[in-house]
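To start, the structure under review is shown below, and the notes come after it.
Think of it as A, B, C, D, E, F, G, H, I, J, K and L in the order they're written, each chain with its own count starting at 1.
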Amino acid sequence: MKIMVINGPNLNLLGTREPEMYGDTTLETIETRLASLAHELDVELEFVQSNSEGELIDHIHRAGTRADGIVINPAAYTHYSIAIRDALAAVSAPAVEVHMTNVHGREPFRRRSVVSAVCVGGLWGFGAATYEGALRLLVDGLNADEIS
Amino acid sequence: MKIMVINGPNLNLLGTREPEMYGDTTLETIETRLASLAHELDVELEFVQSNSEGELIDHIHRAGTRADGIVINPAAYTHYSIAIRDALAAVSAPAVEVHMTNVHGREPFRRRSVVSAVCVGGLWGFGAATYEGALRLLVDGLNADEIS
Amino acid sequence: MKIMVINGPNLNLLGTREPEMYGDTTLETIETRLASLAHELDVELEFVQSNSEGELIDHIHRAGTRADGIVINPAAYTHYSIAIRDALAAVSAPAVEVHMTNVHGREPFRRRSVVSAVCVGGLWGFGAATYEGALRLLVDGLNADEIS
Amino acid sequence: MKIMVINGPNLNLLGTREPEMYGDTTLETIETRLASLAHELDVELEFVQSNSEGELIDHIHRAGTRADGIVINPAAYTHYSIAIRDALAAVSAPAVEVHMTNVHGREPFRRRSVVSAVCVGGLWGFGAATYEGALRLLVDGLNADEIS
Amino acid sequence: MKIMVINGPNLNLLGTREPEMYGDTTLETIETRLASLAHELDVELEFVQSNSEGELIDHIHRAGTRADGIVINPAAYTHYSIAIRDALAAVSAPAVEVHMTNVHGREPFRRRSVVSAVCVGGLWGFGAATYEGALRLLVDGLNADEIS
Amino acid sequence: MKIMVINGPNLNLLGTREPEMYGDTTLETIETRLASLAHELDVELEFVQSNSEGELIDHIHRAGTRADGIVINPAAYTHYSIAIRDALAAVSAPAVEVHMTNVHGREPFRRRSVVSAVCVGGLWGFGAATYEGALRLLVDGLNADEIS
Amino acid sequence: MKIMVINGPNLNLLGTREPEMYGDTTLETIETRLASLAHELDVELEFVQSNSEGELIDHIHRAGTRADGIVINPAAYTHYSIAIRDALAAVSAPAVEVHMTNVHGREPFRRRSVVSAVCVGGLWGFGAATYEGALRLLVDGLNADEIS
Amino acid sequence: MKIMVINGPNLNLLGTREPEMYGDTTLETIETRLASLAHELDVELEFVQSNSEGELIDHIHRAGTRADGIVINPAAYTHYSIAIRDALAAVSAPAVEVHMTNVHGREPFRRRSVVSAVCVGGLWGFGAATYEGALRLLVDGLNADEIS
Amino acid sequence: MKIMVINGPNLNLLGTREPEMYGDTTLETIETRLASLAHELDVELEFVQSNSEGELIDHIHRAGTRADGIVINPAAYTHYSIAIRDALAAVSAPAVEVHMTNVHGREPFRRRSVVSAVCVGGLWGFGAATYEGALRLLVDGLNADEIS
Amino acid sequence: MKIMVINGPNLNLLGTREPEMYGDTTLETIETRLASLAHELDVELEFVQSNSEGELIDHIHRAGTRADGIVINPAAYTHYSIAIRDALAAVSAPAVEVHMTNVHGREPFRRRSVVSAVCVGGLWGFGAATYEGALRLLVDGLNADEIS
Amino acid sequence: MKIMVINGPNLNLLGTREPEMYGDTTLETIETRLASLAHELDVELEFVQSNSEGELIDHIHRAGTRADGIVINPAAYTHYSIAIRDALAAVSAPAVEVHMTNVHGREPFRRRSVVSAVCVGGLWGFGAATYEGALRLLVDGLNADEIS
Amino acid sequence: MKIMVINGPNLNLLGTREPEMYGDTTLETIETRLASLAHELDVELEFVQSNSEGELIDHIHRAGTRADGIVINPAAYTHYSIAIRDALAAVSAPAVEVHMTNVHGREPFRRRSVVSAVCVGGLWGFGAATYEGALRLLVDGLNADEIS
C-alpha cells in the first residue's frame, strides 16, 4: 500500500514560522516521524510539498494513479482553492484533511474549508501528531475496506 | 489517567439510526472497542450518553473534577449549544471533538460547530474508528505534555 | 394503530399563556378533543408534554418503537433544535408538525423551522383544531399507505 | 356557505408533472374528491386554475365578493408574488394556504412564502389530501366562528 | 401633451381595500380629480389599471408611442417586477413613480423598489394627492424641458 | 400657517457642487422660488441650512414649537442619522422628505433612508422643483386636515 | 423535429429598445435568420413572444406536448420567475436559455437566473447570433441523443 | 413581595470558571449578598440554578405563580433559547436580565440576546454587583408600580 | 469623587417626546433625582446634554481630565457613532451606558450598540430610575476598586 | 485568424474524472473535434491546458499578442481567480467562456463566475459540443466585426 | 501652493490616547514636522482639527476655495460619514486619506471607509510619518499635474 | 539595507494594460525610478514579478532570509490569496502593500484585501509614485527603528 503525503503553502517554513502558533517541529521532522510509523504499518510513503496551487493539483493527479490514499494539509488553500477540491474529487484515491492548529479558534476565514466535503475524513489541532493520527486512520480504514 | 467519553443526542440509536449514514455499529460496540484500546494505552475510561443538553453539561462539569481529558461527540448540539461550549471552556480537562460522519458534506447547518474553538483538537469522518483515533491522540498528547 | 401526540415547551401553560395569541383552550381540552376523534378514527393515542429538549427526544425515540405515527408541536424548539430534528429523522414513525398560531405573521425568527424537512407534512394556524386536522390527515395517510 | 378553490401555475399539469414529486393524481381528480367532501360538509365550491398572476388576483378579488373563504395553492407564486399577497389581504374572505409537497425539504427558495402572513392557516405535504384537510378546517372554523 | 396614468395590482379595490391604510377614496375619484387638474394644466390623460404584469408592460409600451410621460403606481410589482423596470427603461416617455402610503414605514420588503432607478422621480405618502403632485411635477418638468 | 424648510450638509454648495448631478441652481434661488410659492399659498416660511447634525436637530426641535410643518432635505444624513430620525419623531410638526436627484439610481448606500419611516411623505428626483412640490403637498394636506 | 422559440418580456421592442445595449436588430429579423438556419438543419420552428408570465407558461406547456425542444430567452423573468422555472421542469422537452447581452457585466440582479438549473444549457452575449448558436447546439444534441 | 433569582448553565462553577473573566466570587457568595440586600428591601428571595433549559423553563413557570418578579441570568441560553424567551413571555411576573461580564466586548455571538425583548430591563458588566443592582431596580419599580 | 452625566440627542425633549414611550419625566427631574442620590453617595455630579456628536465628544474628553467616571445615555448615537466610541476608549474615566427604554424590543437597528464594548457596564429599560441604578453601581464599583 | 483554446485545472483528466458528470470524452478528443471545425472555418488553433493559475495567465498574455480570440474554460478558477479575470481584461483578444456541465445546477459556489463580466459571451451545459459552439460563435463574430 | 491638513475626532488627544496603539507623538509634534517638510517642499500649510462632523465639512468647503489640496485623517468618521464624503466630492481640491495605524488589523468595522472612493489616494500604518508621506505624494502629484 | 520589490499578476503588462486605468508607465520605468530613489536612500533593491501565486510565495520566503523589508503589489491576489497572506506573516521582513489605482472606487470586490492585516502599512492611488512613497516610508521606518 502506498500513501502520498501532500503539504501545501508555507509549510516548508515549519519550525521557523510563527512558532508560538505552529511549534518548532520542522517539516523534515514530521516526515521522519511519519516514515517511522509507515514502517510500523507496513506502508510506503511519498512526501511532497509545494507553495504552488497548480503543482499541488499535479501531485494529487499523480496520487490518483500511483497511490492508495492521500494525507493532505492544504494550508491556506483549504479556504478557497476549489481547484484543489476538484482535483481531490477527480481522483479515486481517498484523502484525509489535516490541520496542525485549531483552525476554528483563529480568524473567521480559517473556519471555512472548501475541500472537506470531498475528503473521507479530517483531523485538526494535534500539531505534528495530527499527521500520524491521519496516516493511522487512513491505513486502518483502507485495510478494513471501510474507506474506498 | 482517566478519560471521560461523552456522547450526545440520538447516539443511543446508533446501529438503527439511518444506517446508510451512520453504519450498523452500535454505541455499545464502540464503547467495547474503546475499552480495549484504553487497556492497551493503560488509561481508565468512563462512558456517558445523554439526549439532554443539561445532563451533558453536568457530565462535562464532573469530567472537570475527576478526569484528565474528554472525548466528546456533541452530535446535533455541536451546531448551536453555546451552553456546552461554555461548559467545555469552564473545566480544565482538555476535550477532543468527534464526529463519525463527514459533517462537511451534508446539510450546510452541519458545517458550523460552536464548540470547536474551545476544544484542543478534533476528528471527523472515520465512523466508529474516529473515537479510537481521538482517544489515542488525546492520551498521547497528555502523556507528552503537549496537550494541557 | 397508535399515534403519539408530543407537545413541546410552554404548551402546558395553554389557556393562561398569552390568551390573545393562543386562545383560552387548555392542553387538557385539546387532548380530550383528540381522544374523541381518535375513538372515531379507531386509533390509540399517547399524550406527552415536556419543557425539556432531552425528554422530548426520549419521547420521540419511544414513539419510534411503539407508535405508528407522531403528531408533534415542537413549539419554540421548532426554530433551533437540530437535536429534535435528528431524533425525528432517526425513527421510522412518520411525524406531522403542528403550530396553533400563524407563525409566519409573528417575529421573523418564528418563520424558520429546522424540523419541517424531516416531517411528512404540517399544519399551522387553526388553533386547537390544528391538532385534529393533523391527526386525521396522518391516520388517513397511514391507512391509505400514502404516508410511510 | 361558498368556498373558492384557487390553483396557481403549473398545477394544470398535475398527474404528468414530475410524478415522482407530485404523484399521478390529476387536478380533475382532486376537484372531484373536494366536491364530494363539500357535499358532505354542505358547502358550495368554485374551482379556478390559472398560470397567470394577474388572473389569480382577479379570482381572489371575485372571491372577496362572492365567497366565504378561499383555499389557495399559489404554487411557484408563493415564493415571490407580493401582488397575490396584497390581493389576499385586500379581501375579507379568509384564505388557507395549501402545498401538496414538503416544500421545506426541497430547494431553499421554496421555504419562503410571501403569502403565509396574510392567510389564516396552512397545510403542506399530504398530497391531494392536503386540499381536503384545508377545506375541512376552513369550513369548520367558519361554522364555529373561529375563523373570520 | 399626453400623459398616461398607469395603476398596478389591487388598486381597483381602492376605497374598500384596507381603508385604515389606503383611505376610502376610490380609484374613480382619483381619476376624476386628476382629470380636473389635467384640464387646468392643459394636458390630455389616459387611465389604465391592471392586475396583470404583462398587461402593465403592454400599457407602458403603448405609452412609449403615444404619450409624453407616465405616472405609474406599480403597487406590489414595485418590489420585484424587473420586467416592468425593463419596460420603463425601454420606452422614451419619462415616468414618475407614485405610492399613496408611506411604504417606508411598513413591512421591510416594501422598502425595495426595483423601478425607481429608471424613473425620473417619485412621490410617496400623500394619499390620493400623491397622483396630483406627480402629474403637476411631470407636466411642469416636461414644459420646462427639465425632464426628457 | 408656518413651514420650516431645513437643508442638510453640503447643500450650501448647490450650484457649484457637481453641477452635472445637481444642476446650477443655487440654494438661494431655490429659497426665492419657494418664497414666491409660499406667498401664493399664503404661508410663512423659515429657511435654515447646516452642515452639522446637531444643529439640524436643534432646528427640528425649534420647528416643533413654532412651525406647522417641515420640508427637509437631510442630504447625506438621510442614510445614517438616527438622531435626526428621532428628532423628527419627537416633534409634532409633520415632515416631508426631499431629494433633488434620483437617489435610487446612484450608489447603493443612497437607497437607504433612515428618516422616511417617520416622515408623512417624500419626493425625489425633480431638482429644484422637488421643494416646491413638497411645499404644495404639505400645505394642501395641512389645510385639508389630511396630514397631522 | 420541432423546436419552439420563446421570447419573454420587452423583446418585442428589440431594435428600438436601448439600441446601445441590444443593437438595432429587430425580433422579426432574428426570427427570419433562425428560420433560415432551421431550414438548413431540417427542423420546424414555432415562434412566440409575450410580455405575460402566465402566457409564457402556457407556451411552455404547449411546447411540452408538440415540440422536441425549446429555445427560450426569459428576459427579465430570468431573474425571479420561479413559475417559469417550474414550467420548464414540468415538461419533457429540453430547453436552452438564451441572453443576447452579457448579463454578467450589468446590474448585479441580472447575474441571478432562477431558470438555469432546469435548462440543459445556455448561451449569452452574442447578440442575435446567440439564438442561432442555441438552435444549432440544441438540434445537434437532440440528433445525437446527447440531450434528452 | 417575593422575587425568584434564576441562574442558568455553568453559573454553578462561578469562582472556579475562567476567573480572569468572571472573578473569584462564588454563586453562594452572590446569593448571600443578595439575601442581605433582600432583607434591607424587605422582600423574600428564592434561588435556583440549573444547567438544563427545561428545568429553567419549569422554574420560570413556577415564578409565574408564586413570585412577583424574576431576576434571571440565562448565561449561554441568552443567545439562542427561544423556549426560555417564550416562558418569560408566558408568565405575568416581570423579569430583569443580568449578565456579570461585558457580553458586548467578547465573541460576536454573545451580543445577541433572544430574551431581552420580553424582559422589562437589564444590566450587564458589574460582576456580582450586577445582581444587586437588578434586585434593587426591580423591587423599586414594583413598589412604585412602574414595573408590571 | 466626581461623575459626569452625559445625555445625547433629543433627550432635552424628555417629558414631551413620545411620552407613551419615554414617560413624562423631564430631563430636569432626572437630574434633580440624581443630585439627591449623589448627595447620599457623597459624590459630585456634572450634567451635560447636547444634540451634537462633536460636543458630546468634547464633553467626554473633559470628563477624562476632571471626572472619575461617566454615566452616558448616547441615545441615537449609540447605534452608529464610532467617534463617541473612540472618545470613550480614549479617556481613562470608566463609563456606564444607560438607556431608559427596552431598546431590544423596538426597531431592529436599536439593538446594535457601537459603544457597549468600551463601557464597563450598562443598564436599560427602567425609565428615569435607570440613571440612578447606573450612578449607584458606578460609584460602588469605583469605591470598591472593582471598576477602573 | 488564430484562436487560442485554453483549458484550466483538472480538465486534463477529462474522460476519467467523474464520468457521470463530465462524460467519457477526453480532452484530446475535444481538441481533435475542434481542429476539424477550425479547418472548416479556416482558422488556426492553439491548444493549452494547465492546472496552474500563473501559467494560465501567461497563456492569456501570449494570446494577447498572437491570437485574435480566446476560447477559455477556466474550470474551478472561474469561481475565484480575479487574477485570470484581470488577465482577460488586460489583453485585446476577446474571450468566450465555456463550461461543459450545467454549473447552475450543482453546488451553489459554482454559480459565481468572476470572469464572465470581462468575456464577450459564454456557453454552458453542452458537453464537448460546448467548445465547438463557442468557436463557431467567436469566429463568426470576429468575421462579422461584431466582436472586437 | 497651499495644502489644508484636516484632522478628525479624538486626534486632539494624540500622545495620551491609547499610546500602545497610537504612540506618544502629539498632534502638535506632527504639525511641527509637517511644517518643516512643507518648508522644504515650498508649500503653505493650514492645520485644523475638530471633533465635530459639521465643522469638518465646513473646513473641507473652505479648502475648496482657498487650498490646492487636502490631507485628511477622518478618524472614526471614515467609517460612516457620508456627509464628509459628499463634502470631499463637492470641492475641487484633491484629497489624500491618512490613517496612522493599520486599520485593517483592528475591529472589522474599521476596514470600511466611505471616503476612499472620492480621494485621489491614501496611506495607512506609518504612524506620524504617514502624514509626511501623504504631503509629499500630494505635492509631487500636484506639481507634476498628475493629480488634479 | 536590502529591500525586495515584489509585483504580482498582470503587472508585467503595465503600460499596455488598460492605460486609461493604469497609465502608460511600464514596470521597467517604475523599477528604474525606484532604483534611482534607492541610490539616494542608500539601500539595495531586488525586483521580482510573477503571475504565479506559488512563485510569489517563494519570493516572499526568500525575502525573509535575505531582505530587510518588502514592497509588494499583490495585484489581483490581494483580494483572495490567503496563501500570500500567510507567507507575509511567516517571514520577519516587514511588508508595505502598494496599489497604483484607487482600488476603493472600482468594483466592490477590489475593496477587500486579505493581506493588509499582516502588512505594516500601505499606499494606494498615486500611480507609479506609489512605489516610491512606499520605499521611502519603509526605509525611513526601518532606519528609525519604528518598523520592525
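List of remarks:
In the analysis below, a contact is a pair of C-beta atoms (placed from the backbone, for glycine too) under 8 Å apart; a residue touches a chain by one contact, two chains touch by 3 or more.
As the structure is a prediction and not an experimental result, all values here were calculated from the model.
By the document's definition of touch, chain C and chain J have no common neighbour.
Path length between chain F and chain G in the touching-chain graph (shortest route): 2. The pair from D-E, A-B or A-L that reproduces the interface of H-I, where over half of the contact pairs by residue number are the same, turns out to be A-B.
Of all residue numbers that take part in the contact between chain H and chain I, over half occur on both sides, making this a same-residue interface. Measuring from the averaged C-alpha position of chain B to that of chain C gives a distance of 31 Å. Averaged Cα coordinates give chain K a centre that lies 23 Å from the centre of chain L.
In terms of their C-alpha centroids, the spacing between chain B and chain F amounts to 62 Å. With centres defined as mean CA coordinates, chain I is found 54 Å away from chain D.
Among the residues of chain H, those touching two or more other chains are numbered 52-55, 80. Touching chain pairs in this entry, ordered by label, are A-B, A-J, A-L, B-C, B-H, C-D, C-H, D-E, D-G, E-F, E-G, F-I, F-K, G-J, H-I, I-K, J-L, K-L.
The touching residues of chain D, when paired with chain G in their complex, are 8-10, 12-13, 16-18, 50-55, 75-77, 79-80, 109. Across the interface of their complex, chain B is touched by residues 102, 104-105, 111, 113, 116-127, 129-130, 133, 136-137, 140-141, 146-147 of chain A. On the chain H side of its complex with chain C, the touching residues are 52-55, 57-58, 61, 64, 80-83, 85-87, 89-91, 114.
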